Structures are given as C-alpha cells and as structure tokens.
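Pasting the structures in now, so scroll down.
Two complexes follow with chain A in common, the first pairing it with chain B and the second with chain C.
What follows is the complex of A and B.
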C-alpha cells in the first residue's frame, strides 16, 4: 500500500519486443557497415567503442538515486533533481577528468573518468544526507525495501507519516557512486574514440599536422561526447519514468530495454559524429 | 616542486570560486523558485492557495546553468580572442549571459503564472520588477565565478577543453550539485515551514505552501534570505569540494605516478562513504524511529 492509498505500484518491467530487437540489430549493423565504408576498420572500432560507452551511460543512470520533486519535500527518498541531469552532471565531471588524463593512455583516461564521476556523486550524495540530517532533522529511510541490502538497517519505523521515505540510505549512496562512475567511464570512452577518429581524419582533410588540429579535434570530440551523454541519459530517464531509488528499486530491472535503446541511439549518433568530417570533405 | 605549489594555489582558488558559485546558484534558484520545489509553487493555486512566489522553472537548474555558463564562457572566450584583458572579458561575458537569464526569468514567470489564470492566480508586476533583478544579480555571481574557475583550469592548469565547452561541463555540474543539495532545504524547510520539523511533508499536504510572512504576504526574497543561511552555503560546499578534489588529486599526485590521481580519488570516495555512513547511523541513534517496528510492519 503506498502513502497515496492506491494499490502498490508494480515495477513496470516490459521486456523488449521481438520486432524492437530485430530493428535494433538492423540499425546497429547498418551503422557498423556505414562506419566501415566511411573510415574503414578504424570507424568500426570507433562505433563499437561509442556503443559500449552509450550502454555504460544508460546502465549507469539506473543506479543513480533520483527522487525528483517529492524528494525536495522529504516525501520520497533520493536526490531532489532530475534523473538525466544528475547523471549528466556526474558523467561530465568524469569526462573532464578523463579528457585531462587522455595523454597518459587509454586505461588511465578511462579510470580517471570513472573516478571523476564517482567522486562527484560521492560528495553530492553525502551533502544530501548532511542537509536532510543536520538541516531538516530527518533520518534516511527507503520506501521500496524494508531492509538495506548492504547495512541491514530496517526502514519502516524510520519513515515519517504520510511519506514514501526520505534521504539517502547507504544502498542508494553506493548506487549513486556506481552510477556516476559508469557514466564517467562511458562518456570518456566515447570521447577517446571520437578523438582518435578526428586526429586521424583532420590532418589529412586540412593538410596540417596533428598538433595544429588538436584544439579542433578535442573540441569536436568533447561536444559530441557531451551530446551522446545527454542522448543516453535522457533515454534511460524515459525508461525509469520519474524517480528511482537505486539498484534495490524494482524499477532497476527495467534496464535491459534501455541498454538496447542506448546501443541503437549511440550507433546512429556515432555515425553522424564520425561521418561529419567526411561530409565536410565532400563539400 | 614550484609547479605543484602553484597548482595547489590555483586549486584552492578554483575551489573557493566554486564554493561561491554553488552558494549563489542555489540562492538564485530558490529566489526564482526554479528547482524541484517549484512543483509546489505551481500546484498551490490549483489547490486554492494564491501566492506571491516567483515561478521560473521552465528548465531544470543543470541545463539552465549549462546554457548560461556556456554562454558567458563563450562570450568571454570571444572577447579574449579580441585581445581584451581576461578579467574584463569574463565580466563582460558573464554580464551578457545574465541578460539572457533575465529574459528567461521574465518570460518564464509570465508564461508559467499566466497558465494559472483559470485558478485565479494573478500575475504580479511588482514581483516581476523586484525579483527578476535579484535573481539576475545572484546569477551573475554564479556565472562569473564559474567562468573564472574554468579559465583558471585552462590557462593555469592546462586542461585541453576550450573555455565554452568547459563552461557547459561545469555549468551542468554546478546545477546538479546545487539542486541536489539545496532543493530539500527550500522545498521542505521553507515552503512547508508550518509542517513538523524532523519529518517529511505528508503527501496529503501537497500544495499548501506557507504564503504569509511576519508582516504581509511572503515573497521569494524572504525565501532567498532563508535559504542563504544553510541551503546555499551547503550547495557551495558541495560544489567547492567537487571542484577542489577533482583538481587537487590531479595537480598533486600526477607528478608522482600517472595512477596517483585515480588511487587518491578512490580513497577520497571511501572517506566520503565512511562520513555518510557515520552521519546516517548518528541520525538513526539520535532522532530515533517515528514508530515502533511492530507498528510499522503492521
């Protein structure tokens, strides 16, 4: 029974339909084929990297505990802001770190991106609890589970009357950090793949050296990485529909559908990002 | 060594700028009622509670600040390309971005409030005149400090992103940190000040926001005064810590080992996990449960 008095809401898990999966596979294969046609094998590798990055972002968004407007009134647990926006904030902070570490190699940059996103979420989630506890005198309580799967804390008696819970239980805190880290990892992966493609294409196209075109390549890769981050975060937010408490929320089980959608969206958007310079070359 | 000391100084300055930015951002969004608590400002007239609260939430704080900071950074970047002094260029860029924020605030207030006409909610022109400029002033502080911080990251610390792109990245992060930390304090503690302290707002009370002040009707300036005491500074600390730790771990530990910043980042995350768990347990012990476990489970 929810606090609204209505029937208990189901998780709304809808498995992907057969036609959806077939269409997705066709679009992804077409994108890979087009990538091979435009930039040969380097293009295929880049699109595969972009797809993996997009999938990581969409999956990561499902971990982030977002309570939206009800959380701002202490009516439901989570962080009081939008799903896509919070995930974007964390992922882009990760991208900032990843891009900074790019000259040190692929692995360092990816780890730097993941830690950057996780760090933003760790600080933000802690400050949310600081405000709830020291500013409003409200302890954390989940509305979706009776017991914290990590700490074993019980919640029903800590839920104030007429609410679905409030604050960030430890499982939601962990979910936030994992989500931020996955977002930062995915965003940085997309950035690095696009940077590789642009650094190979631009010197040929403009008849210059790699050093001379570095600012243009970095800017283009950064803009497209942010764009693809937002595409995947918003797609995942549609899948979540409103609020989610983290990995223990029944809505978390909806993620397979978002992963398929993110793979297709990343493949299609990736082709535009890769094919852009070829198009410029034509004109 | 000298380079590291210089980097630490820049890191501290960027952290301080971010702290001011976070505080100004949250206070601005609370005066303009832009965050998630705005749902109640929009809902109140529909429940029969006419109010004098500003209402400009046509976008969330992260995309709005992403736009304004990227705009300020882009213009500052263009002015710097025209060989204008960086400080002057950042001031000019931020000032121009604030005019866009002002137009946004005006049209958003008029549009959102006019849509409530059928519930009897008037559009108060005096509210528009007195509050838009206050939100613009706070927005200027937030945009200027964030753009200045981004400029430091590029010119002093050598981040590869161009200024407008960095403005977009940190503008969105600023909105995310500010709305996450500051919104509950404005939403629960201020809009529902009449409700019990130490408990969430019952869903049945939705829309019944506090509309009267010590003298006369409450307006959004009163809300800014209130949230500037805790919600704003807490948001500032949140964003300041994010920027500081993000830069500090790279500036100081990258020289030792390329994996240094990553290891330190993981350690900082673990420290925050311990702090979070400690205060969570502290609250459960000190505030106690609302009901006995038997009652709650029945």
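What follows is the complex of A and C.
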C-alpha cells in the first residue's frame, strides 16, 4: 500500500466490461485449444489445473487482512504491508511445503502446500497481534463491522477516534489463515501440473532418465509457479486497491472480478509454460 | 477515477527512454552472442549491461504508471513485471539465436493480457495501464534473460540447463550445475525484482527528479550484477567471470557516487556528521 492514495473508492462494484468478458472467454478457449494441439489431453489437464490454481490464489488473496502503511501506525486493521508482499510470503511458504511433499503423491502434496501457506499466515497474524497488543498497546477493533461474526465481540467502544480500526480481530486472523491455505494450495497445484508436463517431456527431448533431468524440471516448475503466483496476486491486489480487513470487509464482494482476471492471466502464462519445450532444438 | 499524484516534471520524455531502453537492451543482449560466434566467454558481461539498460527504462515506466496511484504500492508493479517476464524469457530462450526478439514478443503478449484484465475486468481504468504492463513485462523479460546470459555466457535454453563438472580429471555433462538446474534462475528472478521495484519506491515524492531516480536504477542494476558475476564463476571461465565482476563493481561504485552527488544536490541541507570526539583531556 502506498501512502500516496489510490484510485477513489467508489460505492458498489463496477462490473467487468462486455469487451473484457468476451476477451476472457476467447483467451481461455484459445489457451485450452492450443494446449490440446501441443501436448494433447495431458496439456488440457495441465492448463485446467493451472487455471484452478490461479483462481485459488486470487480468491485466497482476498481473505488476507492487509493493512498497508496506515496499519504500521495503528490507524487501520490488518498486517502492515502490501498485498503483493503478504501473498508472496504465504504462497512461497506453501510452495515449499508442497514441493517437499511432492514425492508422497498428489493429495499429500496439495495438503502440504495448504498447511505451509496457512501456517505462515497463522504465525504472521499471531505475531502481528502480539506486537500490536503488547508492544504498541492497542486493542483489536474492526472499523468495517460492529460485531465479530465468529466470536461476537463488539468493536465500537474500543475503536479510537479518527482511525478505521486497529489491530487484528479474530475474524481477520481466521481470514488470514484461510487465505494463506488457499494460496499455498493454488501455488502447489500449478507447480505439480507443470512438474508432470516437464517430467514427461524433458527425458524424451534430451534422451536422459527422469532422475537426471529432475533438477531442471523442478527448477522450471518452481520458478514458473512463483511467477504465476505473483501475476495472480498482483491482479488480486489491483482488485482490492489498498487495504482489506478480511472476509467480512465489503471489498471482499469484489472477488469475482479478480477470479476472471486470474483465470485468463494463468491460462495465457500457463500455455507458454507448457509449450516451453516444443521449440527446443527447432532453431 | 484515478488521482494523478506528484512526480517531478521535466527530464527526458518517456518515449525517448522507451526507445533507448528497448534498442539498447536488445543490442547489448545480442553482443553476448559474440560468445557463441568466437567460441569464448568474455562477452558474458554484456548481458548484465542489457539488464541495467532495461531496468532504467522499467523504472521510468513504473514512475509513469504509479503516478496514477495504484493503491497497492510501487513494488507490486515490479512483481508483476518479473512474473510475466520470467515466463517470456525462458520461453524465448528456447528459440536459439532469435531468443531476445521472441522474448520481447511473448512478453508483450503476456503483459497485454495482464493489462487488459486489469483495466477491463478488474476495472482499474488507468489510461496507461495496458501500455505500461506491456513495457514492464518486456523489461522483466530482458532483465531475466540478460542476467541469465551473464551467469552462463549464453541466452540459449540448452546452455542454461546443461553444465559440466570435472571429477578426478574427467569432465562430465550434468544438469545440476546449470543456471536452471541449480535454481540460479530463482535468484536472478529476485535480484531483478528487487532492482526494478526499489528505485522509484525510494525516490518518489514532491522533490522527485528524473536523473536521480534513474541513477538509483542504474545503481540497483549494477548491484544486482555483482552477485550474478560471482555466481558466473561456477559456469564460465575464471577470467571471463572476473571481467564481469570488475565491470559490475566499477559500475556500481560510479553510479553510487553519482547518486550521492545528486541526492546532495536535491537535498535542502546536507550535514556530513562526524563521529562524536572524546575530549582530549579533562573534559567538560
């Protein structure tokens, strides 16, 4: 979050333009078609997996309580940094968890990714509250709702005048953990799909065994998963424009726009990642 | 919808920087191809210089884009730039001698899609969004390709995934000791991302001056070149890597000194604080 102010917060949600929707559908269909042409059914499955992963990341980012610069001064609730940074942290932690668990099978790897991302956000959110409450001496109070939807705690009597609330209420903590888990799940899904594609193609292309080529396949899949994670997280951040408190924030209702954008961006970036090896040795 | 915030006026027009940046980085990255032509490794450092030129252009683009107020901070623009860029750079690298040109085209496609999504679906409605994200994706891609070429001496994919190890006098071909197989590409990704997101983030504000911001961008670029030059000792000859290291250190020292000069010029006052001296004897 920059201290420079963002686009004006308008009431309600502006729906995507008709051109945007049509373009989105065309691009996704084109990506699926191209994937079938390049790598047949395995490519289509991989692109669908990457799109689902991207959508999970963009959706997960909306849960994470982002406070930005005002939160650093205790003037708005949330964690005192930008959306892209928090999402990158949670996503990479999830990706490490998932990549470590990859040899244990698809489901275990996905669970490992979700646990990794959720754990990082749980630790971050807890320590944020420790610093807010015991270090800065400010109680947790939301500015957007009067009552915590989970615990039923009331906020107005604890909220300082002139602020949008402060600290990290329980609902925001839960949102952070859910967001981290979804992000880690999505990042791991992208990683696993790309790893499958590279492990199938690279040994044939370079005439080697799967074990010999493993470092290249893992590294390529990992760096592309990070890249797509960041593209989706930034698009979701643009959708939020600045700060969000968590799932109870009115801005949360904007998420369908980010899901469309993330699906298209993932499909386009994914088709280049899948088609990567098609041109090796052609020129 | 968008609030235009203050950045320094004057300086070189953005379109001029765009042309210099695009042509400059393309030419410099092709100079690393002299390695393949002459069968040497001494031209690897041109890749790093291509990254520096691209970063200068990218910083001016970020300044142009972020003057509309994104609401998410300057670093997010750097993150999406490198995110789109690394996909394009590695895809482009598979096309052999055409790598830099293909990279630019692919980066432009990914950047255009991200920009259209940001404007038409997420409804940022920022006039320069699509163009800026296209430029940023190209900048990110050229940075990754340039630094990767600097690390291993070539911008071709097969050169990036294969390396050699000498064991008991035998030279073996392996995939572990390579830029991609060794995970160096992730380091390059982060070095590029930090270099692109820092300069404008550090210099923005009412007193922002273009020459100072761009000097910081060059400084960050050379700073990122230093670790890549050290990494390149593992992949290219010691003398070639040493040349790259010396050039990065000289470039960094010069740009850092210039940046301090410009900061002193733009500062209201400058105090060269001395350490507090102990009284010679007795004391107060």
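One rule holds in what follows: the second predicted complex is superposed on the first by the 270 of 283 C-alpha atoms of A that agree within 3 Å, B and C clash if a C-alpha of one lies under 4 Å from a C-alpha of the other, contacts with A are read in each partner's own complex, and residues count from 1 in each chain.
The working rule: a contact is a pair of C-beta atoms (placed from the backbone, for glycine too) under 8 Å apart; a residue touches a chain by one contact, two chains touch by 3 or more.
This is a predicted model, so every value here is computed, not measured.
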{"item": "Room on chain A for both chain B and chain C (clash or fit)", "value": "clash"}
{"item": "Superposition-derived comparison: chain B or chain C, residues of chain A touched", "value": "B"}
{"item": "First, second, both or neither for A:147, with chain B first and chain C second", "value": "neither"}
{"item": "Which of chain B and chain C A:20 touches, first, second, both or neither", "value": "second"}
{"item": "Partner chain in contact with A:99 - chain B first, chain C second, else both or neither", "value": "first"}
{"item": "Which superposed partner A:177 touches (first chain B, second chain C, both, neither)", "value": "first"}
{"item": "Partner chain(s) touched by A:222 [first = chain B, second = chain C, both, neither]", "value": "both"}
{"item": "Chain B versus chain C as contact partner of A:253, first or second or both or neither", "value": "neither"}
{"item": "First (chain B), second (chain C), both or neither touched by A:131", "value": "first"}
{"item": "Contacts of A:82 with chain B and chain C, given as first, second, both or neither", "value": "both"}
{"item": "Residue range of chain B overlapping chain C upon superposition on chain A, of 114-122, 150-158 or 204-212", "value": "114-122"}
{"item": "Intersection of chain A interface sets (partners chain B, chain C)", "value": "4, 68, 82, 85, 88, 215, 219, 222-223, 226"}
{"item": "Touching residues on chain A, where the partner in the complex is chain B", "value": "3-4, 68-75, 79-82, 85-86, 88-90, 92-93, 95-97, 99-102, 104-105, 108, 111-112, 115-116, 118-120, 122-140, 146, 151, 153-154, 156-170, 173-174, 177, 214-215, 218-219, 222-223, 226"}
{"item": "Residue ranges of chain C touching chain A (in the complex, touch as defined)", "value": "1-3, 5, 66, 68-77, 79-80, 82-84, 86-88, 90-91, 94-98, 106, 109-110, 113-114, 116-126, 157-158, 161, 174-176, 178, 180-183, 185-186, 189, 204"}
{"item": "Residues of chain A defined as touching chain C within the complex", "value": "1-2, 4-8, 10, 14-17, 19-21, 23-24, 27, 68, 82-85, 88, 208, 212-213, 215-216, 219-220, 222-224, 226-231, 233-235, 237-242, 257-258, 260-261, 264-265, 268-269, 272-273, 275-283"}
{"item": "Chain B to chain A touching residues, read off their complex", "value": "35-40, 60-63, 159-162, 165-166, 168-170, 172-173, 175-177, 179-189, 191-192, 197-206, 230-231, 234-235, 237-238, 241-242, 245-246, 250, 258-259, 261-262, 265-266, 268-269, 272-273, 275-277, 279-280, 282-284, 287, 289-293, 295-297"}
